[in-house]
Amino acid sequence: MDILTISIIIMAILQIGAAIYAVIQKDLLYAVIATSVISLILSIFFYVLQAPDVALTEAAIGVALTTIVFVITIRNTERHEDKRHVKIGNKIIKK
Amino acid sequence: MKKVIVLILLAVVAYYLVDVFSQIKFGENRFQGENVRDFYLDKSKNDLHVSNSVTSIVVNFRGFDTLGEVTVLFLAATALGSVLYRRKAHGEAVLFNASTIVRSGAHLLFAPILLLGAYVFIHGHLSPGGGFQGGTIIATGFLLMLLAYHDYKVSHGVLTWVESLAGLTFASLGLTGLILGKTFLENFLPIGTINDLFSGGIIPIIYIAVGFKVGAELTGVLYTMLNEKEYKKS
Amino acid sequence: MNQILEILGLILIIIGSIFLFLGALGIYRMPDVYNRLQAGTKATTLGGMSLIIGVGLIQPDWFWKSLILVIFIALSNPISSHALARSAYKSKIKPFFKGKEEDLDAYKEVVERNENN
Amino acid sequence: MVGSPVQLIAIPLFAAFLIPLLGKAWKELVRITPGVVILYLLYLSVDLLNYTIEHGRVVEVIAGWTPPWGIDLVFSPFSGFLATLMLFMGLLVWIYSYRYQTFEDYDDYEPTLKYYLLLMMMITASVGVVLTGDIFNLFVFIEILGITAYGLTAYYRHRDGAEASFKYLFIGSLSSTFLLLAIMIIYSQLGTLNMADIAVKAHELKPVYKITALVLFLVAFGIEAEMFPLNGWAPDAYSQAPAPVGAAFAGIVVKAGLYTVIRLIYTLFEVGGTYEYLIVMGLITMFFAEFAAFSQTKLKRMLAYSSIGQMGLVLVAFGIGKEEGVYAALFLMFNHAIIKSLLFMSGSYLVYKSKNKYISELNGVGKMMPVTSFLFALGAFAIVGFPPFAGFWSKLAVLTAAADSGMLLIIALILSISLIEVIYYLRVVNRIYFVKRDTDLGITKPTPQAMFSMLVLGAIILIVGFYPDVITGVLHKASATLLDKGSYINDVLSLSQTIN
Amino acid sequence: MEAFKDITILVAFGFIILAMIFGFIRFIKGPTAADRTVAVDTLTTIGVGALVLLGYLYQRFIYLDVALVYGVLGFVGVLVIARYLEDAL
Amino acid sequence: MSLGSNLDLLTVTFYGTAIALILIGLYAALVKRSLIKILIGLSIVDSGINLLLVSIGYLKGGTAPIFSPAVIDKNPAMVDPVPQALVLTAIVIGFAVTAVALALVIRLYRHHKTVNIDEIKNLKW
Amino acid sequence: MKESTFSAKVMHFFLSWALLFLVWLAFTSTLEIQEVLVGAATTMLVALFTLRFFDCCTFSFLAPGKLYNVIKYIIVFIIEMIKANFDVARRVISPSLPINPGIVKIRTKLKTNYAKMVLANSITLTPGTLSVDIVDDYIYIHWIDVKNTDPEQAFKDIAETFEKILLKIFE
């Protein structure tokens, strides 16, 4: 039981927490930020598993590109999953 | 009701996954005798003189996959353009410039980011990374500029040229092997000594082409999506 | 010489990690987004920089690359926190004040200018 | 001297990267080049097929690493037959869509470029799926196929193509997830990705891995092959995509999906009960689809469900398992490709002006568009299996194969389902010829190119109908090669036949 | 000396993990989007530190590339969200 | 120094995390009604699969499969490079599919003014 | 921005080439001839490509006479940064959070964008301040412990030391 093992377990818990958060969160922007946290930790995991190539790819694609693509979609559609929130112009109001 | 069904389904899936993977030992050498892993590691070091064996697998042993992968990206860019296509003029990528600080920072960081991307794909056979990663980094550099400046434009014509030429380079390198009487994508250049920059025959060249192609494609994708606007700020 | 560098590097690593921790703690404890940014940016920037330089000192081969990494961090971190601060007030997040209304003047000015834009 | 199979993939890829540049020189080249490429590939493929029928399989090695290590392409009479069929259908689809009017609504250059690029790559990816001998490579080709299909389904801006495409994409993503899981399990146990090698080593697998991998593979491939619970995407995609693409789905993409299922069951794994599973799944698929087709009011959806039903029949035929069964299945696949494409091509011109494509809008169209209507009726008669046409022989082959295996219940079921098929196709034909036209919709004459490809298909139906021998030789050879698993493994792993 | 070194590095790693936990808590709690993004920004820097330290533990020089890319792209990722929150996107 | 010493715990951690990610993602993809949420779920599934694949290739005490000058003479044990190469391909393909899917979502929003799957049903399943 | 002449462009090209080449050398951390050659070619391409982003004043701080100031600036900056961190540490660790935040604005005399960026970044990294926005010559600053709301006084407290040196470097 050394500190690396413990920290890996902690990171795993954080990752699963971020995933659950991404799923239950109604605000899609937060969910997208959560996916970028998932990629961040995933990238460290790949690194720990001695796969720097994959870690590099995950960092490159997961952190910046996936985020921007999702954010663009949210910009073009709705920020909230729930129907009670409606976007008028740039403001989000509750119905 | 639907949730219950899905949860039962997931429980079944979870049971089988756990069952299967609990029997696959983590961190143990599972393969005895001759197997793909040892063969690739050995050939990558001794026959191809490529330091990064992931690169040698991606570009040489399984280079056909990579050709397909590049095609997937290319077609994704095409399909995305087709899906989002409109005859009307596009909106602008961002509505207003970022603050002076971000703009100057983007200015300053743009060239090093491009250089980092170039470094990653030029050294694809020596260090982690390669064409895809390098291309992604380059696209991110352009993304930085697009985010910082509302009037930053990327020329579609140039992108098409870069993309097509890089793709053609990849395909022709493959076909050259075929024409020279070897097999498709087989190496026909001298392989050099391991851990030199000029080593690995056609592998670095292919990765550089992939880097340019991926960079151009992803930049195009980002540009198309950023310019896709539903409303304009009055 | 090597010994000295190593000890120096180890000290820098420890300091760096402590500051990274403090930065995260600051993010956790501070009352509003601006103060969090204050704590977060400063502490993590210095923490990251000293940690990386420390590694660079222990392994002299790595020094130049870690230096580049440090320069990247030193340049990009304040920029991103500035962008975040700006986006925070542009999305009209009120700063945390202890009583003094006149401190709000500059904030109000910023917000108004922003709305006229 | 024959060319090598890798050209079948490499040349279209090369062309795909070249086309955007050619388009800058002369825009018409964007339309012409894919056709030229496909024509050349067809020539190559026919040449290779002749060669293989005489000399046995051609195994092409890529990047110089022999099969267990590298990727290989296998051009056997079976896969070669399918590849040739796909390329031939691809050529006809290309001719059909050349200057297809709806595209000219978007007289912009960009959509045209994208359409032809995606169409060409869809055909190429299907050929790749059929030829490749490596499971991960198969995954890559399936993804290419998927992406092109999503793009083409959402091609029309004014229809619900995006919705159909999203459904397809959702199911396709799940499918690729399962495929990756299965590949992972196989690799973790056997340490290889080559199909022949897996087939050799498959008996070393513990049952739990074998079953899990098989189920995951079946789910993943079943989506492409339109097997029963996984075919929700198909009717939408068929009906919302442009008409030539619908024809291409029926003629090309489904074939690739079916091929993967067949390759999986016949070559990769030998698990007891899979043949019975195929029969059961095929029957369920068939029942579900034919009844759904029976109750459809829109022409294209009806055709799509009918297509799924045909696929069910093919699965049943493969499930019979003997050489007759495989022969019948291949014959069915061939017939389905040409006839269903003809139905899609002519049918979409019959309801060209209509917005909702209801079957009732076909009333009396026979007098206004005699040739197209005749071709549609020909296709309808052929697909339900009336005697002088092509479909008859394939159905007969299925029934004979079933009878030989003593599966009388299956014969009865197939016959009863065919009855449903007869009813709903005759209903449509009846409307075309014997019901007075009551709508004021105008008609659109097919373009000469479209007419040409439809006539070619009609001619093939008649030729095969009257002289089935032109095709049966190839089919027998192909079915024999599929069943000869030992020689597949031997050819691939020993590389007895390496050209150039 | 070696043992001392190892202990130092592990202690540093412990601090980094603690930092990650606090950043993550802020990410979950943060009332506004800006708060969460601040947390992500901090997590990125902490992650870069962790990567460099791990690279040192594994004694592979080439692993620094990953940290470099991670740092640069994390910055762009944060900038994306910041620009979105500014309504500029 | 290699990865932590306690292999059993790490087995549970890596496989468990990966399987948990897959299940969470599948749950989101199957239950949620927002198209964007579905895609987020699918990308989480992808992450899980990739983690699973890479951890299958891990070898205890192995180092990255790169023969850089420092390690080439020591001839160390190396982790399996094949899953890494496969994951590399899978990540890029996953991103491509996600981008196309999001483009479709934008298109759907243009027509229907909603991203809720229950309100987009011009086509029956 | 001044119009840059052709010779100035050439000058900037070589300067940025040299700088990027240094970055490349740091990336590769080796002086092998192959690496250096490829690096020279690559950095030249990148420098050519990014040339249009550099205006006249980008590299003015590289003039030999200003080197002294640059080094001085870096030293001052690092000292301030360390101070800032201990400040942060004090505030974070102490249980009651001794903070009195507010936003003030100051006016800078710096003209070029890069100088403003450096100043703002320095402000961000020094004790208790965070640059929130920049409009023309005014920088809005979030101050964790407000002592003065008057622009002039605040300027003296926050930015004067930096600006003095920066003026020497950039103007």
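Note that the chains take the letters A, B, C, D, E, F and G in the order they are written out, and that residue 1 is the start of every chain.
By our rule, contacts are C-beta pairs under 8 Å (C-beta built on N, C-alpha and C of every residue); 3 or more make two chains touch, one makes a residue touch a chain.
Quantities reported herein were computed from a predicted structural model and do not represent experimental measurements.
Least step count on the touch graph, subunit E to subunit F: 1. Between B-G and A-B, more C-beta contact pairs are found at B-G. Centre-to-centre separation between subunit B and subunit E, using Cα means, comes to 24 Å. Work out the mean CA point of subunit B and of subunit F, and you get 16 Å between them.
Chain centres here are Cα averages; for subunit A and subunit D they lie 39 Å apart.
For the pair subunit C and subunit F, the distance between C-alpha centroids works out to 31 Å. Across the assembly, subunit B contributes 17, 24, 36-37, 40, 52, 54, 62, 65, 69, 72, 75-76, 79-80, 83, 96, 98-99, 101-102, 105, 108-109, 112, 116, 120, 126-129, 132-133, 137, 140, 143, 221, 225-226, 228, 230, 233 as residues in contact with two or more other chains. The set of subunit E residues that touch two or more partner chains comprises 13-14, 16, 20-21, 33, 37, 57-58, 60-63, 65-66, 68-69, 72-73, 76, 79-81, 83-84, 86-87, 89.
Among the residues of subunit C, those in touch with two or more other chains are 23, 25, 37, 45, 47, 61-62, 65, 68, 72, 75-76, 79, 81-83, 86.
For subunit D in complex with subunit B, the residues that touch the partner chain are 4, 6-7, 9-10, 13-14, 16-18, 20-21, 24, 60-65, 68-71, 106, 108, 110-111, 114-115, 117-118, 121, 128, 136-137, 140-141, 143-144, 147-148, 150-151, 154-155, 157, 162, 165, 181, 185, 188-189, 191-193, 206, 208-209, 212, 500. Residues 23, 25-27, 29, 81-82, 84-85, 88-89, 91-93, 97, 99-105, 117, 120-121, 124-125, 128-133, 135, 140, 142, 144, 146, 149 of subunit G are the ones touching subunit C in the complex.
Considering their complex, residues 19, 22-23, 25-26, 29-32, 34-35, 37-39, 41-43, 45-47, 61-62, 64-65, 67-68, 74-75, 78-79, 81-82, 85-86, 89, 95-98, 100, 102-107, 109-110, 113 of subunit C touch subunit G. Contact residues on subunit F toward subunit A in their complex (touch as defined above): 3-6, 9-10, 13-14, 16-17, 20-21, 24-25, 27-28, 32-34, 36-37, 39-41, 43-44, 47, 50-51, 54-55, 57-58, 62-66, 79, 84, 87-88, 91-92, 95, 98-99, 102, 105-106, 109, 114-116. If you check the complex, the residues on subunit A that touch subunit E are 2-4, 6-7, 10-11, 14, 17-18, 21, 27, 29-30, 33-34, 36-37, 40-41, 43-44, 47-48, 50, 52, 55-56, 59-60, 63-64, 67-68, 71-72, 74-75, 90.
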